[in-house]
Every structure is written in structure tokens, then in C-alpha cells.
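What follows is a set of structures to go through.
In what comes next, subunit A is part of two complexes: it sits with subunit B in the first one and with subunit C in the second one.
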Partner chain A sequence: MSDALSDDGSDFNQDGTQEDVMTPAELIAKLEEAWLNEKFSPELLENKSEVVECVMEQLTHMESNLQRVKKGDAKASIHRMEIDRIRYVLSSYLRSRLQKIEKYFPHVLEREKSRGEGEPSLLSPEEFAFAKEYYANTESYLKAVALKRMPSNLQTVDMLKAVPEPCLDSFVFLRVKERQENILVEPETEDQREYVVDLEEGSQHLMRYRTIAPLVSSGAVQLI
Partner chain B sequence: MFCEKAIELIRELHRMSDGQLPAFNEDGLRQVLQEMEALYEQNQSDVNEAKSEGRAELIPSIKLRHCCLLRNQRCVTAYLYDRLLRIRALRWEYGSVLPANVRFHMCAEELQWFSQYKKSLASFMRSLGGDEGLDITQDMKPPKSLYIEVRCLKDHGEFEIDDGTVILLKKNSQHFLPRWKCELLIRQGVLEHVVS
Partner chain C sequence: MDPSEVEFLAEKELVKIIPNFSLDKVFLIGGDLGPFNPGLPIDVPVWLALNLKQRQKCRIIPPEWMDVEKLEEMRDLERKEDMFTPVPSPYYMELTKLLLNHASDNIPKADEIRTLVKDIWDTRIAKLRLSTDSFISQQEAYAKLDNLTLMEINTIRAFLLDTLNCMYKLRSNVQ
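And now, the complex of A and B:
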């Protein structure tokens, strides 16, 4: 990457976790993976707020470096372009997530509510606040404009039933990063039978999302 | 036939499949609510009669009215929710200030919803880190080139770009400006990207 990044060699992990410090290139690669997965997955994926935070820090860092470069210097345009590209990917990633949060808001909140103690969070704290506000806003709007004027037994709407759930049986393209054996593929119709496939590293497939959902969260496959 | 008015509301939105927001059909909504009230009252009295005088033959009509009530509720909430989705799209398309002709088509409660949505979105974006967060309503397309040629479609006054120079955006003037600064103005229709 550019020397604008490696300027003062700042670390990304200051909380003393046992991960090695990621290079900027690795960070951006991680962002792009998260972005593609989120874009092509029918459901909301686990939040990657550490990646988001680090990329934001990275961008601020790059912007301030850019201020120091002489105006009109050819390098400046290239750095500018790079900043724009990273900002685009980050914005697109966050937009994908927000769109799904809004589209499936009761289900997203339900999943978050019923998640187990040690399980990773689906929503970042800010996304969670946003989702709750969206739910409350929409519910109070419907009440104010119509529901409270309806007969008494019809003044509520069950959001979980009214708002459709994501279709986990949609087909997705994927590339295999880590070899997987014995993946069980459920039959789609009655005359089909379930069968088992092996996924070779580097191969690409078109499969139902539901079959490979756990592999996306573990990082064994990449949606493309 | 019952529920006709409710279906009409749905059809009205279905006709505008490009996401346009028609005027809020206050009249139509009121008629559906009145029908619901009438159905409910008829059911109340029939239920009482069925109970007190054992008139079981009233039950099918009670059931029918109840189904119509549920259908009306469902159609009304679908109509209202679909409008909300269109209004939400406006925030992403036009920015946080809506053009007057669009505002005119919204009822008071929809304006309230929009204002609340704007606030939620703004505080989410601010919380993303950095000094002022990240405006994710920008950068809607992958950056292709750094600077773009734009033509001004309306007088917009003075416009400052990063290195401090001030450009006067007069109608029909053409400029070579940084792409990221023009995005919002292009979406709002003030500038037009000139592709030579």
C-alpha cells in the first residue's frame, strides 16, 4: 500500500488482545471480505465493528497525512483516490447492513434479544440503538395514523408476523477458502434426496444460502 | 363488496411502481376505517344476540365480518408501510431536506416519522468514529475518477472546494470539480455530470 499509511507505524490493536497487529493491507482485505459477504447474504451477518473502527481510524490517519502533502503533488491524487475507494467500500458495507436492519427489523431485534450469553453480537451497539428507534418510530406512526382509530381488538399489529423474514433459501455464489468435507445438501422438492458434497479449496459454487450459512460466519467460504 | 376501498388504496400505490409518493389518501383511509367501525358494531350486536338467544346461524356472518376486518387492517397497514418505505428512500435520494412538492404529499404523522428517522440515521452516522462520523449517504457509487466535468443546472451561488477556492455556480456554467464534493448536488439536480 502507500507510504501515507506506514508513516508513523501506529498499531491497530491497543487493547492487548493476542491477535497480531494487522497490516493495513490485511485490514482492507478483511473489510472487503465483510463487504462482499454482507452484500450477497440474504440475512444480516455478525457485526464486524472492530474492522469498522480500525478502518475509520485508518481513513482519519490518511486524510491528515494528505493535508501535509504539497498541493498539486501527483502523489496526492493517488492517495485521494485510495481514500475515496476505501470510504466507498466502508459506506457500502454499512449501508447494506442498515438496509437489512430496516427491512427485517422485528426479526433482527428478536434474534439479538434471544442470543445466548457467549454468542457474538449481531448488531453493534449503535446499530442496536438505531434498530430499536426504527421499531418504535414505525410502531408509534402506525398507531397514531390508523391503528388507534380501529376497533379495539384490532389496534395492534404483530410485527414479527407482519414483516417478512429473510429468505434463507436464496441461492448465492461462493468461493471456498478452506476445504470442507461432507456438507449435507437438503432436498428442495419431494422427489429429490439429500446428498453430500465436498467443497474443494478455491472452487466456486452456486448453492442455497441455508446450506452454507455457518461456513460464511466461520470464514470458510466467501460469498461472491 | 367489503374491503373494496382498502384494495383501492393498495392499487393506488401499485400503479406508481417507480417509488413516487402520491398524495396521502386521507379520504380513502377514513372510508376504510368507517367500514371497519360499521362491521365491528354489527358484529358486536350479532355476537350478543347469538349468545343471549342462541342464534347460531349468525356465526358465519360474524366470521365473515371478522375476516373483512382483518383484511382491512392488513391492507391499511400495507398501504401505510409501503408509503414509509418510499419516504425512507427520499432521505437517501434527496438528503435531509425534502422538496416542498413531496412534503405536500405527506400527512403530519409521516412528516413526524421522517423527522425521527432522519435523527436516528444522523446519530448512527455520527457514532461511527472519527470527528464527525461517516456520512454513508454519500459515496453511493464506486469512485471512477477523481475530478468530473459538471454543468450547473440552476443558480446555486458560491461553492467552496477543499483547497479554499470559491466557485460561483451559475446556471449553465461548466466546471471541473472534485467528484466527492459534487455527489450530493448532482443527486439534488443542481449539477449535471457531463460525460463527453
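And now, the complex of A and C:
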């Protein structure tokens, strides 16, 4: 007798397009890391669409299993609670990305346009479509409400200048996952000098985002 | 970050329970649990332990550090030292609140433990306030905060980060 809920999700690893096979537990851990990083970083981070897609797959797979099982099963409620928790993290992650896209839309589109061929993309296809629509809607709104009543040589708005850029010099809290040496700390005031610090594994720090931004994308530090 | 989101993260910690029902292995997406046998202790995440406790399907065993003598030692050490001492658990505040609210019948001397943990928390927050004050007034650019827990960081996060960002903007506009 096969129990619909005893499927341990191992068929997930048979997806041929995955290059590095991850257990579902590692996948959820990666999603949570991406969620925290996105929450606390001042700029929009690289798009983690593979993680998002795999998590969605796992969730729909588990939900379809649950549908087949009769109600009131003890295991079903446990699975449902876990699904709710994972769903919360996933929607919170996507929501923070959308908030940042809306806040910095011209800069996000500019970064996406000017990235190199081999570099990972900043926006998923849906997010890209959303950003472009948002841009077009904002432009037409400004035109209809105010710009068309202005003298003709003042009727354009440079969005890149009109919308403030994300402030990469904001301070963030971080925890170190891989040991880093010689991270430059820039001085705040003129009478201070810059100095270097070593970041030990497992330690927590408070510093400017700009210096550690590459470490966040490589996964060497985690924002907390 | 909302304190309830910090609590959400804290609920992933494992805690020992003694179930009064039996269930074979549960294959959750985040890992396997079980099998559950009545009377045999098993580790489960706090979110599950609390749910089972509310449905009266288990007894929760307090974590090792949730003991009056150990907490008294930690409180005295915290009061002596200037720096932050290592914590019993990275989520000690949330776990204390959750476990004492839902399972105080399973935890001996619950009230004393509540008072001790609150004392430890108050001492640490006072130290945090002092060091935040000196950080801002000396306009430092970097701080190491090894033994701070997420909940403590979260209490000053909004204020501290906004202040530092405002000060940076003011400074860079003057130059």
C-alpha cells in the first residue's frame, strides 16, 4: 500500500537540467538565505530563479500529494504547516524584490540592459516585464497629469535622474560564512584613516554595504 | 525586520519532545522526522512541537540551558563583563517566550527562569545601548558584534541603520 505522503521527494533530483544536485533541505536553506539577503540589502540582488522554480515544484508536488490523501490524516497537517512556512518565505522574498523594483525601476532596467553576456540576470522574465510596464505606466501618467501642460522644451523627464539611486553606502549587519582577509574599511570623517580587517568565519559585523557587496553575491557573507 | 519574523526563524530550532502517539517517518521538504513512538523522546522543530503541545499530543522537554543554576551563572557573568558573553542559544529570548507561554507545565521553576532570562536580556540591551551610543558619537565605520543574537540586533536595527545613513548623507553633502 503506497502512502502518498511517504514520497521523500527524491524524484526532484532526476531533473536533468540541475547541474549541482541539491537535497530539498539544502534548497530551502538557500531560499531562506536569499530571502534574508534580499530583505536587508539596499540594492536589488541577483535573481535566484532556479531556487524559486525548484521550491515551487516541491510545493506543488507536496500539495498534489496532500490532495490525494483523506482528510484528518495526522501527517497531512504536519505537511500543511511546513508548506505554509515555506510559502511565507517565498512570497516574502518575491515581495521584497518587487518593492525594490518599484522603488528603483529606471536603475534596475539600466543595469539589466548593460549587463554582459555571461553575467547572471538581475530580473526574472516576469519581473522584467513588470519593470518595463511600470516604467511605461509611470511615464504616461506623468505625461497625462503634468508634462503635457508644460512648455514643449520641458516635456521630457530623465527617469534615471528623477528616481533616486539605491544608497550602496548604507550600513548592514552581516555574518561571515567564509573567512575573508583584508577587507578595507573606509573612514567616516576626514581625520580617520582607512584600515583593513579580517573577517573570521562565524563572526558578526556592522559595516557599509558597498565594501562587502561582492561577498554577498558570492555567498561568502550572509546579511542578518 | 519584524520581531515576529525573528520568532519565525527561531521556530526552526530543534527541541526534544515526548509524543503520546505513534506515527511513522514523516518526509518533510526540510528533512525527515520520526518515527514517533509514545514515550520515546525525539527532536522536532519548535513550530511542530508547539502545535503538538497545543493539541495535547506531546510533552516538551526544556533545552539544557533552560535551568535555574545555569541561567544564574550566565546572568552573573553577563553583569561582570563589559563585552557581550556567549549566549545559551542564538534564539534564547524567543525560545524562552514560546516555551514558557505554551509549555510552562513541562518546565520546572518556570517563573524563576522567566525572571532570569529577562535579567540577562536587560543587561545585554543596556550594554548594547551604551555601545551604540559610542559607535555613533565616535563616528566609527565598523563594529564587531559576535555574541549578539538576532533579536537584540533587531531591536536597534531600524534606529541605528537610519541614523548612520542620515549621518553619512549629511557628511557627504558637506564635503
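A few comments on the model shown:
Following the convention adopted for this analysis, the second predicted complex is superposed on the first by the 205 of 224 C-alpha atoms of A that agree within 3 Å, B and C clash if a C-alpha of one lies under 4 Å from a C-alpha of the other, contacts with A are read in each partner's own complex, and residues count from 1 in each chain.
One rule holds for everything that comes next: a contact is a pair of C-beta atoms (placed from the backbone, for glycine too) under 8 Å apart; a residue touches a chain by one contact, two chains touch by 3 or more.
Note that the structure is a prediction, hence the values are computed from the model and not measured.
In the superposition on chain A, A:Ser91 makes contact with subunit B only, while subunit C stays out of contact range. In the superposed model, A:Val176 lies in contact with neither subunit B nor subunit C. Of the two partner chains, subunit B is the only one that A:Glu133 touches; subunit C does not reach it. Legend: residue contacts after superposition of the two complexes on their common chain; A:Leu31 is shown touching neither subunit B nor subunit C. Once the two complexes are laid over each other on the shared chain, residue contacts for A:Val221 go to neither subunit B nor subunit C. Contact with both subunit B and subunit C is seen for A:Met81 once the two complexes are overlaid on the shared chain. Subunit A residues in contact with subunit B (one complex) as well as with subunit C (other complex) are 59, 77, 81, 85, 88. Of all the residues in subunit B, the ones that touch subunit A in their complex are 29, 33, 36-37, 40, 69-70, 73, 76-77, 80-81, 84, 88, 107, 109-110, 112-113, 116-117, 120-121, 123-124, 127-131, 134-136, 138-143, 146, 163, 179-180. Contact residues on subunit A toward subunit B in their complex (touch as defined above): 52-53, 56-57, 59-60, 71, 77, 80-81, 84-85, 87-88, 90-92, 94-95, 98, 102, 126-127, 129-130, 133-134, 137-138, 141-142, 144-147, 149-151, 154, 157, 162.
Partner subunit A is touched in their complex by these residues of subunit C: 1, 8-9, 21, 23-33, 47-48, 51, 135, 139-146, 148, 150, 153, 157, 160-161, 164-165, 168-169, 171-172, 175. Put simply, subunit A touches subunit C in their complex at residues 5-9, 24-25, 27-28, 32, 39-40, 58-59, 62, 74-75, 77-79, 81-83, 85-86, 88, 167, 169-173, 185-190, 192, 197, 203-208, 224.
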